[in-house]
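These are the structures in question, set out in turn.
There are two complexes below, and they share chain A, which is joined by chain B in the first and by chain C in the second.
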Partner chain A sequence: MKQIKSITKQTKENILKSNNLLWKRKWKIFKKNKFALSAALLIILLYILAIFAPFFAPYSPNRNFRNKFFHPPTRIQIRDEAGFRSPYIYKTEVKGWADYEINREKKYPLRFFTRGDEYQLFGLINTDLHLFQVEGDIPIFLLGSDNYGRDLFTRILYGARVSLFIGFGAIIITTFFGLIIGGISGYYGGWIDNLVMRIVEVIMSIPSFYLLLALAAVLPVEISSGFRFFLIISILAFQGWAGMARVIRGMVLSVKEKEYVAAAKAMGARDKRIIAKHILPATTTYVIIRATIAIPGYIIMESGLSFIGLGIQEPSASWGNMLTAAQNITKISDFPWLLLPGFFIFLTVLSYNILGDGLRDALDPKHK
Partner chain B sequence: MKKMVFILTIILFFNFAISTAAEDIELKDPWISQREQGNHGGTLITTLLGDPKTFNTLIAKETSSSEVIDGYIFEGLVGRNGITTEIESRLAKDWEISEDGKTYRFYLREGVKWNDGQEFTADDVIFTFDLISDKDIPTSARDGLIIDGEFPEYRKIDKYTVEFELAETFAPFLNSMTLMILPKHKLYEPWQKGNFNSTWGINTDPSEIVGTGPYKLADYRNGERIVMEKNEHYWRQDSEGKTLPYIDRWVRIIVGSQETDTLLFERGETHTLGVRGIDYNRLKQQSARSDYSIIDGGPSFSTNFLVFNMNPRNPNLEKQPWKYEWFTNLNFRRAVAYSMDKETMINQALAGQGSKQWSPISAPNQVFLNEAVKKYPYNLEKAREELKKGGFSWDDNGRLIDQDGRKVEFNILTNAGNETRETLLNIIATELRELGMKINSNPIDFNRLISHMESDWDYDSVLIGLTGGVEPHAGANVWPSHGHLHMWNPVQEEAATEWEARIDELFKKGVSTVETEERVKYYNEFQEIVAEQLPVIYTVTPNNIYAVRDQLKNTETTAYGGVLWNIYELYLEN
Partner chain C sequence: MKTYILRRILIVIPLLLVISMLSFFIMQLSPGNYLDQMRMNPDISRELIESMEEDFGLNEGIMTQYFAWLGQTLQGNLGESFSYRVPVTQIIGSRLFNTLILSLSAMVFAWVIAIPIAIYSATHRYNILDNLFSVLAFIGLSIPNFFFALLLLFLIVRYNIPLPVSGMTSVMHDFMTPREQILDILRHLIVPTIVLGSAGTATIMRQMRGQMLDVINSDYIRTARAKGLKESTVINKHAFRNAINPMITMFGLQLSSLFSGAALTEIVTGWPGLGNLMLTAVRSKDLYLAMAGLMMGSLMLVIGNLIADLLLAVNDPRIHYN
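On to the complex of A and B.
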C-alpha cells in the first residue's frame, strides 16, 4: 500500500514536471513574439499605473483648479540658460476664457515623493505620498485639464481603475459560470444539457447593448459609484457567460469520450472530480485566449455605456465618461487633449488583441 | 355618368373659387417698411433642430411645431415688437380699451388676404375664438383667456371690427391677443364634423394650410426640410409699395443636433446660426476673415434653477420625514444659495457667455425686472453661518448633520442630455459636498424627471429651467400656490405659507389694473419675496448669441426676437 502511494506521488511529480515543461515551451514560443510580449508589458504597466493611481497621480481625481479649465498640457522644462537641470515648469496666468499665458518670471521645480492630497491605498493604508508635484501649489497638468479644471492625467489613471478592471471582473465571473455550467451540461448530457442549452440560447438572443441600456436606466439614483461599478460588471457578465458555456460544453462533449476520462471513471472517481480535474483543464487554452479577446470587448462596452451617461457617473472617472466631454467640434479642435482617454482605450484594446493573438500562437497545440 | 357630374361640380367649384379670389379686394391698410429698400428674390436657408408635430397652431404644444408656423404662416391681431418687446399692431391696425379696462375693441386691417386669396375678416376672428372656447379642442390658449372662471364675451361689430368684453379687468389680455388667427373658410367644416384636432397634421397637402403670414408652406419632408414660399398677398409693403417679404423662398433644414447646425453654418450652407457659448471664441475668430458677423443679444429668457421639494405630500416622507424639515428650513436654502459659484458656472457651463440670475423675471425683461432683489454672492463662509443658524452642525469627519444627528444626504436630479445642466449640476454638487453634504447627483430621462416633479412628488431636489417671457402673468401656473408648475409644492388648496399667500395676492393684483407702473410695483414685491424665501434658487442664464451672414441685410438681432423677427424686411444682397 505504501509503495503504491509513493509511486502515485512520483507519477504526480512527473506529471507536474512534464506539465511545467509544456508551459515552459509555450512560454518560449510566446517570448519569441516580441510584438505580443511588448503588448503584455504595456498591459501590465497600465494595470500597475491603475492600481497605484493615487500614488502616481499628483492630485485627487476631484481636485479642481477652477480657474484653469481647458488648460493645455504643461510643458516640463529640463534646461535653462545654464544647460540641463532638474525639471521645472512655468506658471500660467489666465488671459481670457480658456486662454492661458506662460509667465516666465519664476521657475517652479518638480518635487518627487512629496506629500499632497490624502488617499487610501487598497482601502487600508492611509497616506498622502505622491510621486511628483510642483512646489508652491502651482498646478501641473501633464495631459491638460478638463472643463472643470481637473487634471486629465490624474483622471485617466483613476479612470483606468474602472475601465481596466471592469473587463477583468466581468471576464472572471463569465469564465466561472461558463466553465461550471458548460462543464455540467456537456458532461451529463440528456435533459440537463437540453435545458441549459435552451437557456443559453435565450440569453444569447437578447440584444445585449439594449439590455445594458435598459438595466442601466433602471438603476436607482442613490447607489454609490462603487456599487454601480459592480452592477455594470454583473450586467456585462450576465450576458457574457452564455456564449462561453456553449463552447465549453462542446469541448467537454468531445473530451469526455477520451480514454483518460474513461479510466478515471473506471477507477471510481466522482463526477465532480472528473469534471474539475480531468475535463476542464483541457479547456485552459481556450479560456485564456477567449479571456484576452473578450476583455477589450467589455472595456469598449463600458466606455459606450459611460459615454451615453448610463455607466459610471460624474464625478467618478472612467475613460468612457471622460470622452463625453469631447463631443463638440470646438473642443476637439481647440482642446484636443480631451480625446486622450480615447487614445488610452485604443491602446489597451489593441494591446489586448495583440496579446490574445500571441497567446493563441503559443498555446495552440496544432501550431508549431 | 355619376363621375361626370362629380367632375363637373369640381370644375364649377373651382371656377367659383377662382372668381371669388379674382374679385378685387383692395388692401386699404398696408403697413409700410421704414427700413432700407432691398431687392426682391433669393432663397434664405436656416435650420430647425426638430420636426414639427403638427401645423395646427391651436393644438401645437411643442416649440418644434410653433416655431415653424407662428408668426410666419399665422399671425395674431397684435404682436410684440422684436426690439422693444412692446405690443404693436398686426392684423388689427388699432384697438381701444375702455376706461374700466373691461372692453377691448379691435379694428382690423381692411383688405388683408389669406394666402389663398380669400379675404380676412372679423368672421375669421370670431371663428378662432369659437374654436378656442370649444372644450373638445385641447389648446393651452384657453387657459390664458379664462378670467375668474369665465371666457370673455366676444362679438362682431361689423366686417372689420370685433369687440371683447371681460368679466374683470385683466391686464395681460392684450398679451393673449397675440394668439394666431385661423381661416374660417378652411377649418369651419372639419370643426363641424368634429375633426378639428386631426386637421392640418404634418401629412397635409401644403397648399391646404392657409394663413395670413409672410410665408406659406410649399413642401415638408420629414427629417429633411421645410420649404416656404413668399405669400403674394401679404399686407406689408416696402417703401416702393411692392409687397413684402423680399425673400422668395425660405428653406429650413432639419438638422437634429446643434453640432450639425454649427457645421452647416461654417461650411457656408446656412444664413444664420444660434451660437453656443463653447463655439463663441472659435467662430468669433473665424468671423474676422469670413463673411459673417457675431452678434451678442445679451441674456436670454431661459433659466436654470435648483428647486427643493417642500411638498408635505411627498410619499418618501414616510421613510425620511426629516427631509421635509431640511428643505423647508430657510437657512438651509440660503446656505445653498450662497454656495452657488455663478462665476465658475458661467465660465465652465456656458463657456463664459452667460449672466447671473437672481430674480424670477428674466434679465431682458426691462419693464418688470427688479434689480434690487436680495442677492447671494458666492461665499461658503456665509453658507456655513446660515447652516449653523438653521441648527445644522458638523461631525468629526466634517460631515454635515442636522440637530438630531442625521447626516445630510439628498439627490439632485436633472435631465440627461442637456450638457449645460449636467455641468451646472456637477459644480453645485461639488460646492455642496464642500459644505459636508452627501449629494447624489444624477441626470435622468426628461420624461421621468417631469413625472417625478408633476405627479409623483417624490424627488428631493431638481435642477431644471423654464423659459420666461415678457408678460409676468405667464408665470401664473408656476408662482401662485394652486399652480400645476408650483414645483416645490404644487396644486395647493390653500397657500401653505404666508409668503405664498402674498404671492397669490400679488398675482391677482398684478392683473387687475392696466397701468404698467402700478403693475410693476406688484411684480417687484413678488420678485423680492422669491429672492428672500428662495423656493427656487437661480443659477445662470446663457446669452443669446447669433451668427448672421453679412449678405443678409436689414437685420436687427435681439435676444427677444432673434434674427428673423422681422423676416418680412430682410433681404439678400446679390
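On to the complex of A and C.
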C-alpha cells in the first residue's frame, strides 16, 4: 500500500512537470507572435491606467470648469525661442460661446507629482497625489472638455474602469455558470440535460440586444452607480451563459466517454470530483479562448447600452455614455474630440480580438 | 427530411410560448407602468386613466394579464400601444418591413464586397493588398457599430458629402413620384447599410479566405492545374465552388444575428425599424408594443436558425436528419 502511494505521488509529480512543460511550450508559441504580444501589453497598460485612474488623471471626474465647456484639447508646448525646455502650456481666454483664444503672454509649466483633488485608492488609501497638473491651477484639457467643462482625459480614464471591468466581471460570471451548468447537463444527461438545453434554447432565441434592452429598462433609476454596475454585469451574464453552457455540454459529452474518466469511476471517485478534476479541465483551452473573444463583445454591449442611456448613468463616466454627447451632428462637426471615447472602445476591442486570435493559434493545436 | 422540417417547425411553438412568458415577466419586473407617467400629468383626468387601466387590464394580477394578452395575440390582436394609442399590429408591420430592408441590404453589401476580396486575398497571399485587407478586416470586426455610425456622420458633415444621415425618408418624400420615392429611400439606406454591413463583411472575408486557402492546397486543384487548365478556370470553377459550400452555414448564422445587430445601428442612424421601436417602447414602458417587438425579433431569429439548418441539410448530403 505504501509502495503504491509513493508511486502515485511520483507519477503525480511527473504529470505536473509535463503539464508545466506543455504550458511553457504554448507560451513559447504565443511569445513569437509579436502582434498578439503587443496587443496583450496594450491591454495590460489600459488596465493599469484604469486602476490608477485617479493618479493619472489631473482632476476628479466630476470637477467642472465653468465657462470652459467644449474646450478644445490643450496643446502642450515643449519648445520656445530658446529651444527645447520642460513642457508648458498657454492659458486660454473665453471669447464667445465655446470659443477660446490662446493667450501667449505667460507660460504655465507642467508640474509632476503634485497635490490636487483628494481621492481614495482601492477604497483604502486616502491621498491627493496626481501625476501632473499645471502651475497656478490653470486647467489643462489633454483631450478637450465636454459640455459641462469636465476634462475628457480624466473622464476617459475613469470610464475605463467601468468599461474594462464590466467585460471582465461579466465573463467571470458567465464562465462560472456556463461551466457548472454545462458540466452537469452533459455529465448526467437525461431529463436534467433536456431541461437545461431547452432553457438555453429559449435564451438564445431572443435577439440579444432586445433582451438587454428589456432587462436594462427594468433597472430602477434611483439605485447607486456601484449597484447599477453590478446589475449590468448580471444582465450581460444572464444573456451570455447560455452559449457557453451549450458548448461546454457538448465537450463534456465527448470527454466523459474517455478511458481516464472510466478509470476514475472504477476507482470510486465521486461525481463531483470527476466533473471538477477530470472533465472540466479538458475544456480549459476552449474557455480561455472563448473568454478572450467574449470580453470585447461585452464591452461593446455595455457601451451600446450606456450610449442609448440605459446603462451607466451620468454623472458616472463610461465610454459609452460619454459618446452620447457626440450624438448631435452639429456637435460632432464642431467638437470632434467628443468622439475620442469611441477610439478607446475600438482600441480595447481590437487588442482583445488580436489577443484572442493569437491565443487560439498558440493554444489550439487543431487550428491553423 | 420532411418529418425533420415538420418537427423543427412544431418545436417553434412551445419555444415562442416560453419566450413570451419570460418576456412578459421581465417587462412586469419594472416598477410602475405607463399609466404612472400619465398620472403625473395634471391635464389628464382620473376617469381617463381609470378607463385605460380597465381597457388594458392593468389592475389585474400578472397571470390574468398574461393570459389575456396570450388569448388576444392568438387571435391576431397584439393589443393597443399606450403611447401611440393605436393597435400594435398597425405599427409593427411597417417597422418589421423596414428592419428587413436594412438587414437584407446590409447582407447583400457584405457578400458582394467580401467574396471578391477574399478570392483575391487567397490567390495573392501576403502581398500588400492582402495584408491591407487583413488589417481592414480586423478593424471592421473591432469597431462598434454605433461608433462607426458616428464616425461616418462626422465625415459626412465635415466634408459636405451629399448623403442623408438620419431617418429613412426626406421631408419632401410624400410629394415625390414613386420612382423618386424609391431612390430617396435607397439614398437613406446607404449609411446604415455600410455601418451594419461592415462587421459582416469582415467576418465573411476572413472565413472565405481561409476556405479558399484550404481548397487551393488540395489534391484536386493540383490535378486541375496538371491537366493544363487555365488558372482562371482553376480558381473560378474548381476552387471557388468548393470553397463557397461551407459558407452557406455562415449565411444562415448571419441571417439570425443581423436582426439583433440591427437595433443599435437603427437607433443611431434614426432608421425606423424594429430596434428603434423597441427602444421607445421599453423606455416608455409601453408593454404590448415591447412584447410585440420581442416576439417579432425572436420569431425572426428562430426562422433564421431554421433556414440556416435547412440550408446546411440541403447543401451537405452527409448530414442525415430523422
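Criterion: the second predicted complex is superposed on the first by the 364 of 368 C-alpha atoms of A that agree within 3 Å, B and C clash if a C-alpha of one lies under 4 Å from a C-alpha of the other, contacts with A are read in each partner's own complex, and residues count from 1 in each chain.
Basically, a residue touches a chain if its C-beta (ideal position, glycine included) is under 8 Å from a C-beta of that chain, and two chains touch if they have at least 3 such contacts.
Remember, predicted model here, so these are calculated numbers, not experimental data.
J.: Is this a clash or a fit when chain B and chain C both end up on chain A?
T.: clash
J.: Have a look at where A:215 lands relative to chain B and chain C in the superposition and call it first, second, both or neither.
T.: After superposition on chain A, A:215 lies in contact with chain C alone.
J.: Check the residue A:350 against both partner chains and state whether it touches chain B (first), chain C (second), both, or neither.
T.: In the superposition, A:350 contacts chain C only.
J.: Please indicate which partner A:296 is in contact with in the superposed arrangement: first for chain B, second for chain C, both, or neither.
T.: In the superposition, A:296 contacts chain C only.
J.: Under the stated touch criterion, which partner chain does A:147 make contact with: chain B (first), chain C (second), both, or neither?
T.: Only chain B is touched by A:147; chain C is not.
J.: Spot which of chain B and chain C makes contact with more residues of chain A, would you?
T.: When the residues of chain A touched by each partner are counted, C comes out ahead.
J.: Per the contact definition in the header, classify A:329: touching chain B only (first), chain C only (second), both, or neither.
T.: both
J.: Who does A:64 touch here: chain B (first), chain C (second), both, or neither?
T.: First partner only, chain B.
J.: In the superposed arrangement, does A:97 touch chain B (first), chain C (second), both or neither?
T.: It touches chain B, and chain C stays clear.
J.: Let me test your reading of the model: by the given contact rule, A:201 touches which partner, first (chain B), second (chain C), both or neither?
T.: It touches chain C, and chain B stays clear.
J.: So, does A:314 touch the first partner chain B, the second partner chain C, both, or neither?
T.: After superposition on chain A, A:314 lies in contact with chain B alone.
J.: Please pick the stretch of chain B from 3-11, 129-137 or 453-461 that overlaps chain C when the two structures are superposed.
T.: Answer for the clashing stretch of chain B: 453-461.
J.: Does any part of chain A touch chain B in one structure and chain C in the other, and if so which residues?
T.: Comparing the two interfaces on chain A, one with chain B and one with chain C, the shared residues are 217, 327, 329-330, 333.
J.: Can you name the residues of chain A that touch chain C in the complex?
T.: Touch residues, chain A against chain C: 198, 201-202, 205-211, 213-218, 220, 296, 300, 303-304, 307-308, 310, 323, 326-327, 329-330, 332-333, 336, 339, 342, 345-346, 349-350, 353-354.
J.: Please output the residues of chain B touching chain A within their complex, sorted ascending.
T.: 259, 262-263, 278-279, 281-282, 341, 344, 347-348, 351-352, 411, 413, 416-417, 422-423, 426-427, 429-430, 440-445
J.: With touch defined as at the start, can you tell me which chain C residues reach chain A in the complex?
T.: 15, 18-19, 22-23, 26-27, 29-31, 138-139, 141-147, 150-151, 153-154, 157-158, 165-166, 259-261, 263-264, 267-268, 275, 278-279, 282-283, 285, 290, 293-294, 297-298, 300-302, 305
J.: Per the contact definition, I'd like the list of chain A residues that touch chain B in the complex.
T.: Listed in rising order, the residues are 62, 64, 66, 69, 96-98, 147-149, 217, 221-222, 309, 313-315, 327-331, 333-334.
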